[in-house]
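Heads up, the next two complexes both have subunit A, just with different partners, subunit B and then subunit C.
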Partner chain A sequence: MQPRAEMVHWLFATGLLLLGLCLLSEVVVGPEVWRRRRWRTYLWPGLAFAMGVLMWPVMTFFTNSAIHMYAHGSWAEVLMLAGGAELGLVHGRLKSRWWRLTMPLAFVVTGTAFIVHEQNAWFFARSAFLHHLLGWTFLIAAVIPLALAFRPRSATAQTAFALVFVVLAVMLYSDRDTAPVFGHLSPLAGPQHR
Partner chain B sequence: MQSTYARSLPAARRGWRGQVISLLGPATIAAGLIWGFVQPWRLTILHPLHQGFWWLAIEPPLLVVVAGIVFALVVARPLLADLEEHDAAAR
Partner chain C sequence: MRRALLIAGLVALAVPATASAHATLRSTTPHFGTELQSSPRTIRLHFDQQVRLLPGAVVVLNGVGRNFAGPSRVEGTDVVAVVRPLKLGAYTVRWHAISADSHVVSGVWTFGVRVPAPSVNDAYGAGGPTVQEHIVRWLWFLGLAVAIGTLGFRLICLRGVEVPQRLDRRLAVAAGIGVVAALEAGIAGFSLRAEDALQLPFGRYLYGDLSPMAATRFGQAFVIMTLGYALVLALIFLAWLLDRTVFLVPAFVLALALVSGFSLSGHDAVDAGSSSLSELADWVHIGAASLWIGGLVALVALTWYGAPELRGVAFRRFSELATVCIFLVLGAGIYLSVVRLPHLHDLWTTGYGRVLIVKVGLVCVALAWGAFHKFVIAPALARGASSGFLARVGRSLAGEALVGVAVLLVAAVLVDSRPPAQPAPPPAAAARP
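Up next is the complex of A and B:
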């Protein structure tokens, strides 16, 4: 009794939404207030790491081809790497600011994997459209964590970083297994199920 | 006495940062509720007969509402307390 693929997308959307809200809160209150409680500093890096861990069962149970498996496996790895690096940085175990480059790396790998593993054209169905859109959004938005690696105190970059996760969550919430996009639904996609 | 009075009027004492933090959770909850009203067919709970567990458990507008509630209770509430302490210490 597995959930449908679209439901897994919605659950990850919820994780991304919480991640975006936490990041946005950190920008609003500033690092000094945000770090007043130790557990809070680990909150969003821990959430990112947990999403990476949870990507493994997605890879195991929801992939129906080798390219899907590679895509989800690489997401799991880079999410865990980026979340783990951020955990190490906030804990103080990692000192070098170059570890922050793991986040743009995660964005680039995720974006590439989204685009590569979507075999259908943009207007094949809504899920195909969103996979292309998500992929390009991740690729273009990779400049934001890249900017943060060099200018970690930039409020503009921090706000943009937080809002990207909210936008990505909205995209993932819009995903359906078989649904039209702007009135387009390929007959090859099968009947709309709901 | 003074602190009790301050707690009874938290919004008046909060700066813009406090206002934003206190609004994030309710705004998220409101977004989920509005989505539910606009697309009620995405709420399986409104027509629950013959639906499996996952369709009843995972409903996008409700997930947004849950995310807003979790954020408001787990993150925003202690954060507001810390922000008020920080602002009071700065005065």
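Up next is the complex of A and C:
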């Protein structure tokens, strides 16, 4: 009944990719064109919020270790918080720009959870390597939404913000061993799945 | 940027791949919580990768802690332990192994030989509820009461009233905070139960396998409630964002429907004397109490001081709602007390009974306070009152709400306590020749 772990990784990687592509589209066509249809402004914050809601089943169904449960739980909460705050700002319900700080906060929490829940060193395996890489990318990239909180019109920061999500999506797609395109190389990993 | 992306992609592809970092238990023989008709010869744990053994990797403990497992061995990705013949009874299996990544993974499960397997919460070595668990359950009750009470207050007491937008949003925020508190307390409660069952130091508990815990009735309640309340949170958020009260209706119904999840996974569902009627009574008891106490908090904290123009109508309507809730709380509570306490003297001779006396005492204080508000304050408000009088009423309502919060604390202790044993059923009539 439970979907395989890599499928869940791919699902959320797709979410991150869509999120990055929305942001990138806005950068490419410019905010004036992008916001000509009001619903477009809700796209990426709504997607982030929905990903937060969808992370709750992951937390409750993947309980093979306590630390995974806490990591998934923290992602669910910060995704809902950051997505919700952005939706509030877009809709005009929230006025203060300080609410934009929820996004860098989400990046920091997500990055920390990635690093803490990975028990192995960087070069133990590809999944370990990518978990560390994802964690540090989130932590370092937190400066981009932080910069956007204070300079929301900066084209450089907007572009970097969009690209970070695309890069993170690629990393998350590559994170599991059973993706056939990446093979199955380590003898420690047990029998091949396919 | 393009070059950086290319390098990152190449690095990701170049590093060798393995499965998930530490070993995951895929299946066990016997399975979690099964009742066997004969003693198993071996205990088998099937992992997703090869593991190394620690001394005492698998132990099979009876009710007094005697180990029946012999030395363990590794067979491929399985760990196999030989078991000496087991007599009728309940048994606990505790296991530890070293993953390929050198981390120790651990777990526990239970099975029975010709008796039903105990819950993994009752595994040998588990200590039972602690003070932390009482506090967490109290916070969980409080969160639910604030969420359900605030939603109920908005939808029932302020129905058809011109509610200022500011108050509407504050009510949605308060309900959201209540749901978040309930979610966090639920996670903490589940973790405390799992930690107690696993009996591991914190560092090793983090890598402990919680699947047997999630398979218990308590674990299933945790899963359903967490998913349900996450949905409730999303609905409340939409109501706040779009200023649409209509989203609060499914949020209220869902929150109320799931309110007794943890309780139904406890004594009401498994102890002798429990029935579908006692489960219904439990749901009514907790739902009505949450609506009463949480609604009172919403009245005093958000409306009394936040929207003075609504004081009269909110007070009058809440008074009517509280009357209905109190009747439901008392009716269901009395029924449950009769079911759980087989003898009157259990009230003062058992721990469960003594906690119940404290709870009933506090409920009586809250009832007397509520009656004072209904029969003395409400008519005075209808006649018109001075600002000094209104300020005193606000403080009095806050006092009643605090007593309600104290009732929830005692209820948390009561839910974690074990009711006295039911008398043995009369011996079956001798078979007729």
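Observations, loosely collected:
By our rule, the second predicted complex is superposed on the first by the 177 of 194 C-alpha atoms of A that agree within 3 Å, B and C clash if a C-alpha of one lies under 4 Å from a C-alpha of the other, contacts with A are read in each partner's own complex, and residues count from 1 in each chain.
The working rule: a residue touches a chain if its C-beta (ideal position, glycine included) is under 8 Å from a C-beta of that chain, and two chains touch if they have at least 3 such contacts.
Bear in mind that the values here come from a model prediction, so they are computed numbers and not experimental data.
After overlaying the two complexes on the shared chain, residue contacts for A:Val164 are found with neither subunit B nor subunit C. In the superposed model, A:Ala5 makes contact with subunit C only, not with subunit B. In the superposition on chain A, contact is made by A:Asn120 with subunit C only, not with subunit B.
Once the two complexes are overlaid on the shared chain, A:Ala48 sits clear of subunit B and of subunit C alike. With both structures placed on the common chain, the touch criterion links A:Leu133 to subunit C but leaves subunit B unconnected. Using the contact criterion defined above for the overlaid structures, shared-chain residue A:Trp34 touches subunit B, although it does not reach subunit C. Here subunit B and subunit C are compared by how many residues of subunit A each touches, and C touches more. Residue contacts after overlaying the shared chain place A:Ala85 against neither subunit B nor subunit C. No residue of subunit A contacts both subunit B in one complex and subunit C in the other. Subunit A meets subunit B in the complex at residues 1-4, 7, 10-11, 13-14, 17-18, 21-22, 24-25, 28-30, 32-34, 36-37, 40, 43, 173, 194.
Residue ranges on subunit C touching subunit A, taken from their complex, read 1, 5, 8-9, 11-13, 15-22, 24-25, 47-50, 77, 100-101, 103, 105, 180, 187, 191, 194, 205-211, 213-214, 219, 222-223, 226-227, 230-231, 233-234, 237, 240-242. Residues 5, 49, 53, 56-57, 59-61, 63-67, 69-70, 73, 76-77, 80, 84, 87-88, 91, 93, 118-120, 123-131, 133, 163, 167, 170-171, 174, 177-178, 182-186, 188-191 of subunit A are the ones that touch subunit C when the two sit in their complex. Across the complex, subunit A is touched by residues 17, 20-21, 24-25, 28, 41, 52-54, 58, 60, 63-64, 66-67, 70-71, 75-76, 78-79, 82-83, 85-86 of subunit B.
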